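Heads up, the next two complexes both have chain A, just with different partners, chain B and then chain C.
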Partner chain A sequence: MEELESGVAVAEPGQSLQLEAEAEAERPGSAPLPGLHHKLLRLPLSRIKGLMKADPDVSLASQEAVFAIGKATELFVEVIAKDAYTFALQGKRKTIQRKDVDNAVDATDEFAFLEGTLD
Partner chain B sequence: MASASGNNDDDLTIPRAAINKIIKQILPNVRVANDAREMVVNCCTEFIHLISSEANEICNKSDKKTISPEHIMQALESLGFGSYITEVKEVLRECKTVALERRKASSRLENLGIPEEELLRQQQELFAKARQQQAELAQQEWLQMQQAAQQAQLAASTANKAGSSQDEEEEEET
Partner chain C sequence: VRKMAERPEDLNLPNAVITRIIKEALPDGVNVSKEARSAISRAASVFVLYATSCANNFAMKSKRKTLSASDVLAAMEEMEFDRFITPLKDALEAYKREQKGKKEASEQKKKDKKPESEEHDKSKEDENEEDPEGVKMVEDDQKEIENEEEDVDN
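== the complex of A and B ==
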């Protein structure tokens, strides 16, 4: 865990913790099998799959591919949240506001595709 | 939640609660304004579209028909998200482990299964027992009824005798 000057602890990505078994991708509500205690993703796979399929050009994706995108999306959220937080701190605020997220988008080349989101 | 109410695929987003959880884990004790959260939710949608689209192109160029996790990882790399690959690989490994455990667990369950003839036999046994218990119960109830009836008769005839002797006395006096 790294600590920022304000004394607030920030978790490293991937430090995320155990949870209960999610046996099958398409049934996030299903009961865990006894003995398994790891939830692989925090985002619902069915929704991710739906989002992928919304693009008519996108062909079939394997379940593992959906997992892969899901994990990447979780990491994306962590990164953009942390970046936005940095801007909030610069503005001497403890609450992350919309403009902090905007600044995070502007500050990173890879986030160029997000220009104009939610306008 | 099933979206049977006619939602457009285009209205899909990652559920807010899931995003909130991730943010909370990585920035505990930090407040996030609602419109900032909304923005992150929408950015996720864009992110998924971006990666899918790129992976799709990579897939088309390959000899595969289905987008594989490798295509996803190549897409991440080419779009500047190569730093995500290590953890994506880790999740895929865990995926395989979970799948393996599930297969082992379900085959163990199948082996525990009782064969059908044995189940039938157990069922017959249970029925026979139940019938016997019912018969015993019925017999007890019958006996009790008989006893109750006898006592009632006894009581009635005693009362009658007492009543009639009183009448005789009265008659003699007048």
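== the complex of A and C ==
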């Protein structure tokens, strides 16, 4: 969606992580530096882990696996939000509505696993 | 040991966090209806479940009981979310560095308290490395999951 940013630079996911990595390397474990608002993970690990444990086939997960699922989920939210936005734009709206999300799900093969789950 | 939560809202992800992630992915001035945000949040929960199940298949194929980060990466490819793989790997590297820093900091504190040195010979741990990402300290990680809950639970 870069063409909609009208001059505002949007960091690629890899770039913002570089900043985080450097900040973390300087002050491991501490709060992010002021002005640097890209945390490594926003979703709480405990919540992610709770969801994972809902699967009876899952016995144990390494902390890195929980983090990886959490991070993948954040990336997923970004993608589906942006896709929904393209449909809002088509409808000449600046507010994303439920039907835009539905259209985004229908339009993308990788989102097929969501069919029937959002109702 | 925390009991598994049974409240329905614990299977959801925090609204405020989901909203923030959505907003930061979009240009300024774009709004999201409550229904849309709720649908995206539910989609995210379904994604966790589906990705976990897929990753777990890889773990089971390798006869491991512990889900690893490389299982998650394999799942992303399987689910055709190849575009996630590079940013995920980057994030994992940063995360491992952060965890290593925390661990070294707390071990340093222990050393300062106890004069006698404790032998933590991690290098002699099991080399059955199914996980090419180099996650060796599986057991410590598992313990850390318990510890981390206090830190990260908002």
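As a working rule, the second predicted complex is superposed on the first by the 82 of 119 C-alpha atoms of A that agree within 3 Å, B and C clash if a C-alpha of one lies under 4 Å from a C-alpha of the other, contacts with A are read in each partner's own complex, and residues count from 1 in each chain.
Throughout what follows, a residue touches a chain if its C-beta (ideal position, glycine included) is under 8 Å from a C-beta of that chain, and two chains touch if they have at least 3 such contacts.
Please read these numbers as outputs of a predicted model, since none were measured by experiment.
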Partner chain(s) touched by A:45 [first = chain B, second = chain C, both, neither]: second
Which of chain B and chain C A:78 touches, first, second, both or neither: both
First (chain B), second (chain C), both or neither touched by A:100: both
Which of chain B and chain C A:58 touches, first, second, both or neither: both
First, second, both or neither for A:87, with chain B first and chain C second: neither
Footprint overlap on chain A, comparing chain B with chain C: 8, 13-14, 17, 21, 40-44, 47-48, 50-55, 57-62, 64-65, 67-69, 71-78, 80-82, 84-85, 88, 94-98, 100-102, 105, 109-110, 113-114, 117-118
For the chain B and chain A complex, residues of the former touching the latter: 9-10, 12-15, 18-19, 21-23, 25-33, 35-36, 38-40, 42-53, 55-56, 59-60, 65-69, 71-73, 76, 79-81, 84, 87-88, 90-92, 94-95, 98, 101-102, 105
Parts of chain A lying in touch with chain C, wherever the complex brings them together: 1, 4-5, 8, 13-14, 17-18, 20-21, 24-25, 28-29, 40-55, 57-69, 71-82, 84-85, 88, 94-98, 100-102, 105, 109-111, 113-114, 117-118
Touching residues on chain C, where the partner in the complex is chain A: 4-5, 10-11, 13-14, 17-18, 20-22, 24-33, 35-36, 39-40, 42-53, 55-56, 60, 65-69, 71-73, 76, 79-81, 83-84, 86-88, 90-102, 105, 131, 133, 135, 138, 141-142, 144-145, 148-149, 152-154
Chain B-touching residues of chain A, taken from the complex the two chains share: 8-11, 13-14, 16-17, 21, 23, 33-36, 38, 40-44, 47-48, 50-55, 57-62, 64-65, 67-78, 80-82, 84-85, 88, 94-98, 100-102, 105, 109-110, 113-114, 117-118
